[in-house]
Amino acid sequence: MVSIEDYGTYETAWCPGCGNFNILKAVKQALVARRLEPHQVLFVSGIGQAAKAPHYLNTNLFNGLHGRSLPVATGARLANPNLTVIVESGDGCNYGEGGNHFLAALRRNIDITMLVHNNQIYGLTKGQASPTSDEGMVTKAQPQGVPSAAFNPIAVAVAMHGGMVARGFAGMVDHLADLIQQAIAHPGFALVDILQPCVSFNHVNTFAWYKKRCYELPSDYDPTNWEAAIKKAQEWGERIPVGVIYRNPRPRFEDHFPVLQHGRLGGQPVDREMLIKIMHKFA
Amino acid sequence: MVSIEDYGTYETAWCPGCGNFNILKAVKQALVARRLEPHQVLFVSGIGQAAKAPHYLNTNLFNGLHGRSLPVATGARLANPNLTVIVESGDGCNYGEGGNHFLAALRRNIDITMLVHNNQIYGLTKGQASPTSDEGMVTKAQPQGVPSAAFNPIAVAVAMHGGMVARGFAGMVDHLADLIQQAIAHPGFALVDILQPCVSFNHVNTFAWYKKRCYELPSDYDPTNWEAAIKKAQEWGERIPVGVIYRNPRPRFEDHFPVLQHGRLGGQPVDREMLIKIMHKFA
Amino acid sequence: MEFENVNLVIGGEAGQGLVTIGQILAKSLVRRGYNIVVTQSYQSRIRGGHNTYNIRVSTEDIKAPQESVDLLIALNAETVDRHRSELSAQGMIIADARLDIADDKCIKVPFAELADKKFYNVVALGIAGAVLGFDGRIITQTLETFFGKKDPEVAQKNEQALSESYRWATENDAFGRLTLAPCADPLPRLVLNGNEAIALGAMSAGVKFCSFYPMTPATSILLNLIAAAEQMGLVVEQAEDEIAAVNMALGASFAGAPSLVATSGGGFALMVEGVSLAAMTETPLVIIVAQRPGPATGLPTRTEQGDLEFVLHAGHGEFPRAIFTPGTVESCFHLTRRALELAERVQGPIFLLTDQYLADSARAVLPFDLKNLAPVTPVGTAAPPVLPYQRYALTDNGVSPRLLPGLSEHLVVADSDEHTSDGHITEDLQVRIQMVDKRWRKLEDLRSAVIPPEYQGDAQPDLLLVTWGSSQGPVLEAAAALRKDGQHVATLCFSQVWPLVEEQFLNHLQEAKQVVSVEGNASGQLARLVRRETGFLIPRQVRRYDGLPLTSEYILRALTQ
Amino acid sequence: MEFENVNLVIGGEAGQGLVTIGQILAKSLVRRGYNIVVTQSYQSRIRGGHNTYNIRVSTEDIKAPQESVDLLIALNAETVDRHRSELSAQGMIIADARLDIADDKCIKVPFAELADKKFYNVVALGIAGAVLGFDGRIITQTLETFFGKKDPEVAQKNEQALSESYRWATENDAFGRLTLAPCADPLPRLVLNGNEAIALGAMSAGVKFCSFYPMTPATSILLNLIAAAEQMGLVVEQAEDEIAAVNMALGASFAGAPSLVATSGGGFALMVEGVSLAAMTETPLVIIVAQRPGPATGLPTRTEQGDLEFVLHAGHGEFPRAIFTPGTVESCFHLTRRALELAERVQGPIFLLTDQYLADSARAVLPFDLKNLAPVTPVGTAAPPVLPYQRYALTDNGVSPRLLPGLSEHLVVADSDEHTSDGHITEDLQVRIQMVDKRWRKLEDLRSAVIPPEYQGDAQPDLLLVTWGSSQGPVLEAAAALRKDGQHVATLCFSQVWPLVEEQFLNHLQEAKQVVSVEGNASGQLARLVRRETGFLIPRQVRRYDGLPLTSEYILRALTQ
């Protein structure tokens, strides 16, 4: 039986008090709850403070480029559909630099879990606005306030009928662990946008700010109701819903590729007889 | 008084019967209706069959890279807010390669008109699926059918509370011209997604197919009602609404930059006294 | 009179079906034992414009296109206007009588009398076959295999148009006006262009994953892989952009699928960060760049050899790589295999540089011995030599034992940051030095595996022509022509341009009286690279950059200027 | 005893306020007339880890960092562990008494007795000032200008911590233990690092638009522009990614705003397609690449000179460009101006290559004569020489008269495809040749404007050190040291690495008995480029690639190995 200890304990490069610590905790809990052994899981991350998280887990990891974790994860998942593939990175990474891949992943509905540490700021580069920074927020790079509207990943994911769309909060560890667990279990693309206080650079959306606003979706909330979900996705400001906002039992991307039913690509022999036939079509 | 003739007549590189011809016509009508002189307008396009359209207009043009017209247009508009800036390109260009810029433009609400020739296919590269190709559509590059869900630009734009969100059809020229005119007049970002038959590569979504399905929004439809709009944005298949689906009177991006009230950037002198002051802060 | 060598050009608008009849003719000729060099010229549009499909046919081993035209098959008047001046002494035109071509070299065919408009291209094909004195039954057979599956009515009409044309040609004294000399009994051969050969080579090497974003002239590589995907157990995915394509391929390769991407210059520009990532994470990846004229969109359907230096230096930071530049269709096949093998062996980015000319140039090729050509050896299951597993263990040759994630209990950690042997991010600057050195040690392995440039000719020639990639054919033909003229000429053709190993070729450069480089670009990139690596200055250069492939005629003209 | 030269290092964790006190100390020293060279070393994290702020102070003109440490200001025990071995003969440590440093060179300060924990860094500052025998009032003044606007209570506590420290130092015999020799009466000078100088240079040249995506070590250029944006009438926009950044800047430049982008290697990789677009559309653009060690994410907060060849060849297709590589803070200012001027003049992409070391290295700099430094001349309103207006009219020097869209009735058409003179897409292959030639003609203009490398030393030296960019300072100091030793040494420093004009320097290479190149990379990129352009092989190279800047000590060690 796998235990929390199997995922190790590491020294981190995070600031004391950062929301990332709780997310790391929740991730471990979810992995253990899903009885996943470290070697069965592949984490893929980008660059940023959040993207360091998988370095603090005893598991497989591809820590690639800023913004590019989804494509790497997609390739890995198609090459080996036996792997549980989890993307873990920041709001800047996934919704800024990587925005186009986010749209494509939603369209594909590939069986990947996407954990976004959403601190509404670029942490590692020292506090510029991120796509999710609230309009008007003042930073060193936006001294007159952020001039763009904040990106609402939940609304876009629901509008695009994504597989599973959820929001968690780093201040609610068990609830978050449960969401992550559901996301891993979900057959298809699952987004968990995680509100994460950054104590160093985001002095607006603090622990207290989120705590005051976050509320769990009521038990009679039906995430398969798209109309309810798209409305719920608009809620932000005084009240912020956390939980599974939308669920859509679409077929997985993988199911379109019969070859993937035979396991990982690299393990399948090259059919030379068939290739000879293909070649002779050119004769 | 400006007339259609001022925008010239050119030989095109399009296939006979292509929906692009009607779009070109509607664009000219809209420009004239808005009484815009050719030199007051800047078209920015990417690469593709659609992206050639502005070459067939007697006006200013920056025909840049595949997928990158929105950033170029954004820069031009910020450098000279006196220009009427219109992006004109294909579905692949704007929603595929350029998807991330589409999200950013919606967030910015910059005063640009975006005309997307949406033929649900990559035309110039000879018929691969585009982001808007219907799921299951068979092409040479997708012989088993498109495995991803189609991108719904209208739904995403409404979910993100874009400035003006409209759909037109190349088969309804006057209606389309009117939409384009409204888009140009709209103070903020305006998307006109234009259904465009591609007679060479899209044999599913033909003129007849669109014609059968497209209907004008009723006169009592209220595009400022977000909830109605997001529902309307979901309609696709048997019935396809055309018209202004959503309108949102948000402040324009430009309004956040006081310097833009003094006209184009290049026309403003360099304040050397001020710079000396700034330099002496380092003393 | 019979001809050993005939250069025929089919010209018309996009959409007139000229590629179809070109392909049928090419295949028919190869089936009869002729050699061919096809060159395709088309514009960046779907209908209209002016396109050509050019087949040089010969009983001999030919290697390059030819400029002077012996048979011009004009599907419209523009074709005659544009190409009339290219006609050779025996040159002839086939055109619709109604086009009213005032040229006594023109065979005026009453197209309308012979078939419906839809089948005009088949009429042109038939007349051409007849003029060449070519057995019409072979064309009919090829036609059948092309259209067989479709509408039987269409097939029948095709056949009818063909036989009508042959009949007309015979009756009107056109049959055999340019009769091809007969060939020896033909061996069974393929008609294959560069991109098809790349796709076959990749599959034979066991490629399992490919991600792409469409871009001329690379797309047909992918389309060939896609067509075989189900049968061969590949996954080929159209990505949202080229950045996604390269990162997906890296993800797939990391997880154990031999992977490639293929694109052209502009798309490759977007992959550059990924190249650097492949190097840092030591992930095998084959990157195929099919060149076309730049900068930016340039001439998207034409050819150029303008991206050698770009590809050589693409990626931030420093790391080793290899670049293959096939000069023939066969070499497209073999070098793609080699690239995939080498990528797995040295664990990093390996390039194959081709171009529009070679991509679209069909040739007669002997079938590859696929039975005896093994795919790359799969990795990832051996037990690690040290525990816990160190993905980036320091080794003598810089290559670390590679395991795959999920296949055993050993954990695989790859990092784009500088990392320790176990793959975790580090800020230890001594480790940094070790890792840089480790990565650079792979260069030795790459150097030891370099394919030497091919030298042809005697030692100490009066003239040495140096070239690379697809310009090889024209250069070899130019040299042959000069030799016929009694000149003392040698050639040096690079099918791998990086690494360069000076011992493999410097003596040739030094021993020739005169050295001239021949490249399909404006700035002489190989020449510059040779100087950088050897100090040897190639004093004279022949360059072409109008979007068309080099020809021996072009080279000979340039040499006498 | 008084010291002409003191090298002090403040070390501790990120978040302990070491940069703040470093800056205050640096500014105070410069106000008193000293010269400084600051080097900053930090990790890719926000809190914790080990960072240093290093100030080399001197009464003389210094140009580079120094390795041996005279005064180590340790905010934690790790700092002592890491740097103890670097202490010079007179070296001294300042540390909290409670850290219990067992070292007789350590001044053990009872931090807790002198201030609240929050002000420990100010205590360290005070003790350091006292040890240097430095006038405390100047530090107090500087402190005020730093914190003045904020909380007056904090200001008062700062002041108190400072005076307490001075008092303690005086009472405990620490005052003046490393007294700095006095300076001549100070001229008013700025304390400026490379990135600040770039921002000032850009504004003085009239930059009006800048788009960016944050990336260390380029970000501070943008932050400096943003801070001045409203006052100077600039628009600085944070883009969604680097691709957007470069394309936005091109759009803005096309519409008449002198524009720049700044990034580091990985971000620049994403701009490569845009570089090619700038060349093809002939749009002026300045691209600043602040180098850091790669490949991929590498060591994101360290320094390297690893992207010269990458930048030189970035972009598909062929086109001219220029690359400036400033070696000093002043040169960052002037070369940024020059880059902006040249971009407007030749209408295309111009590069400035800096690196983390120079970006963060503060120096004492005389104020620039901004009154007499004109901004670039605005274009776009003159009447076109030919009607209708031809954006790409063929000209002798390749530069066409440029108008701006919307400013007159003349229409401006720019195209990424190959185009005719009026900017419209073409498939005419003769026009293609003309346009390629036209674009290449700009290289002549670029060559004529090249800044020659600076040669220092006698002719025919025994040893010539060749370098570029930020390694200039260490090389000059190493040469000076060797000369002091009686050796016959010269230096050749490139502040523009492309184009290279061999007449400007080849004789120096040939006349020296021994030539050694010195570069902050692993593969010797400038040396390779010199050979490519001149044939001259630099036989020996000093290279550093551990993420730290070169020092004269490093060079001297390498030379004697």
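Per-chain numbering from 1; labels A, B, C and D assigned in written order.
The working rule: a residue touches a chain if its C-beta (ideal position, glycine included) is under 8 Å from a C-beta of that chain, and two chains touch if they have at least 3 such contacts.
Remember, predicted model here, so these are calculated numbers, not experimental data.
Two chain pairs, A-D and A-C, are compared here, and A-C has more C-beta pairs in contact (counted per touch definition above).
Compared with chain B, the chain whose C-alpha mean position is the greatest distance off is D.
Chain centres here are Cα averages; for chain C and chain D they lie 44 Å apart. One inter-chain figure worth recording: chain A and chain D are separated by 37 Å, centre to centre, where each centre is the mean of the chain's CA atoms. Separation between the centroids of chain A and chain C, computed from CA atoms only, is 41 Å. Chain B has its Cα centroid 31 Å from the Cα centroid of chain A. In chain A, the residues that touch at least two other chains are 47, 64-65, 97, 99-100, 103-104, 131, 144, 257. Across the assembly, chain C contributes 43-44, 49, 230, 240-241, 243, 266, 273, 277, 281, 296-297, 300, 415-417 as residues in contact with two or more other chains. Of all the residues in chain A, the ones that touch chain B in their complex are 97-100, 103-104, 106-109, 131, 144-145, 147-152, 155-156, 158-161, 226-227, 230-231, 233-234, 250, 253, 256-257.
On chain B, the positions that touch chain C within their shared complex are 13-16, 47, 49, 64-67, 96-97, 99, 122-126, 128-129, 131, 140-144, 200-201.
Those residues of chain D lying in contact with chain B across their complex are 188-192, 196, 200, 203-204, 206, 208-209, 211, 228-235, 237, 239-241, 243-259, 273-274, 277, 281, 367-368, 370-371, 375, 378, 380, 404-406, 408-417, 423-425. The residues of chain D lying in touch with chain C in their complex are 43-44, 49, 243, 264-266, 268-270, 272-273, 276-277, 279-281, 293-300, 302, 304, 306-307, 309-310, 312-319, 415-418, 427, 429-430, 432-433, 436, 440, 521-523, 525, 528-529, 531-532, 535-537, 545-548. On chain C, the positions that touch chain B within their shared complex are 15, 43-49, 213-216, 219, 222-223, 226-227, 230, 238, 240-241, 266, 296-297, 300.
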